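To keep things simple, chains are lettered A, B, C and D as they appear, and every chain counts its residues starting from 1.
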Amino acid sequence: MKTFLRPNTSNNQEREPGQRGSLLLVMALYSNPKWLSTVRAAVERLTATLGFKEEHCRSVTRALDEALTNIVRHAYNNRHDQPITMYFRKVQRKQEVEVQYGIEITLCDRGPACDATKWHGRSPGEIRPGGLGLQIIHDAMDIVEFSRKGNTNRLRLVKYLGQAGLAP
Amino acid sequence: MKTFLRPNTSNNQEREPGQRGSLLLVMALYSNPKWLSTVRAAVERLTATLGFKEEHCRSVTRALDEALTNIVRHAYNNRHDQPITMYFRKVQRKQEVEVQYGIEITLCDRGPACDATKWHGRSPGEIRPGGLGLQIIHDAMDIVEFSRKGNTNRLRLVKYLGQAGLAP
Amino acid sequence: MQISTRHQDKATIFDLSGDIDFANSPELRQSVLREIRENRPLRVVINLSSVHYIDSSGVASLVEGLKASRDLGSRFILFGLSTAAREILQLSRLIKVFEVYENEEEALAV
Amino acid sequence: MQISTRHQDKATIFDLSGDIDFANSPELRQSVLREIRENRPLRVVINLSSVHYIDSSGVASLVEGLKASRDLGSRFILFGLSTAAREILQLSRLIKVFEVYENEEEALAV
């Protein structure tokens, strides 16, 4: 039986800055690359709504697309019927005196445990197909963090807005 | 404590035609109209991926947008922090000899119980603001069905493809 | 959605961009009604050429603008409708209620 | 993504449209490699002007096309890059590895 991961059932941390951040959106789907364009469309709009400038809407979208593709290819070995859940949260951090807002995207899959310290892409400029995904993800995001909890792999991606604050 | 409805945990009906249909995507969010554009972007892409022609991608998107707006306004009385969950399924029906595929979108909210037989929009052509949402929803969809189960309102929207089959 | 306003002769032109939905239609309604009531332009022209989508609450705001204009004897004109905008006005049978033109020149000329 | 192919003199032009991602890049790779190996065109020209997005697997398919072309002494040319396409080629430092032109005339002329 296929199982969707459950969206967080608690969102009561909304008003505690520095905490987990407030949940904005959960998307759950199966590991078929057919649905990638739907996720890109959603996150490109979501980041624009949060006030990211176009360039960053594109780069965050690209990072999420690559991270999902990696789950399909590497965590699920190209099986198309496995569950993936994404949590989108609004987060904030204190940078000296100002508060910076950002988006946190957590991708969850039920693939086998793996050692993310061994993942590595290509060196820039190397002309070979492949190995570009991790580079794109790291280039776009301020935080890229992999963890495993129970039978779930979690990839946490965070991007903060620059000077200008997030639209309220 | 705010609670997201849980996506269906079972999807084992994938291969039983005429059954509930196979789950493609779950989206869960709060009742803030700020997120409407994100949902529209996703469903416009999803319907295109399923093979709907552009006109129907637009009309299904419009129906979902209006149904969500009605939940925000009427079920939640413009509160922005209440949970809404959407289930997108691929469904099929037999029309004489051919099988028609379609999309089913189920919207769930936790608003108060209400009598949907009493909902009514405007008569077409009437010049007043408001009352257009239900007309748009009925115009776009083949099935519009409201039900209540436990403390959850469910609005089920189905649109079938015409002659041409759904992209596989 | 972004709203900006221009004045030309006795016309007020609203340049809108982005989608109009329930997140922003109240703001549209308010600025259109305020302009009509405070400045009483001879024509109110809504430039929709950068608007992709309008929902029913956006249409409702336009209907309110139309009514307020009529009350004060002004004309209320739309131009630059996207396919999606045209579709919702058509299916609500309101397309004939508004004055609709292709572009700004026509909207200001006629 | 849609792929269609035209032949002009000794060039093969691939007109692509839609997004290129992991759902369709294997198909792109296959048709480009097959064309290069079977027909050995003097230049392979990829028209990206209707492509909004390319992911890393799409870039990888293009790199494979480039390598196969080089092996057979053909040129491999891109034109009509969207902002997103340009960005991914830039950040992968591959933009200088490909011959990139603005439009079809330039791609066929030089």
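Everything that follows uses one rule, which is that contacts are C-beta pairs under 8 Å (C-beta built on N, C-alpha and C of every residue); 3 or more make two chains touch, one makes a residue touch a chain.
Just so it is clear, the model here is predicted, and its values are computed rather than measured.
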Any chain in contact with chain A as well as chain D: none
Per Cα centroids, the chain farthest from chain A: C
Distance from the mean Cα position of chain C to that of chain A, given in whole angstrom: 39
Centroid spacing, where centroids are CA-atom means, of chain C and chain D in whole angstrom: 44
Length of the line joining the C-alpha centres of chain B and chain C, rounded to whole Å: 29
Chain A residues counted as touching two or more neighbouring chains: 34, 37, 40
Complete list of chain pairs which touch one another: A-B, A-D, B-C
Of all residues in chain B, those that touch chain A in their complex: 1-4, 6-12, 14, 23-30, 34-35, 37-42, 44-46, 49
Footprint of chain D on chain A - complex, ascending: 32-34, 36-37, 40, 55, 58-59, 62, 65-66, 69, 72-73, 124-125, 127-130, 132-133, 135-136, 139
Contacting residues of chain C [partner chain B, same complex]: 19, 21-23, 53, 55-57, 59-61, 63-64, 66-67, 83-84, 87-88, 91-94, 97
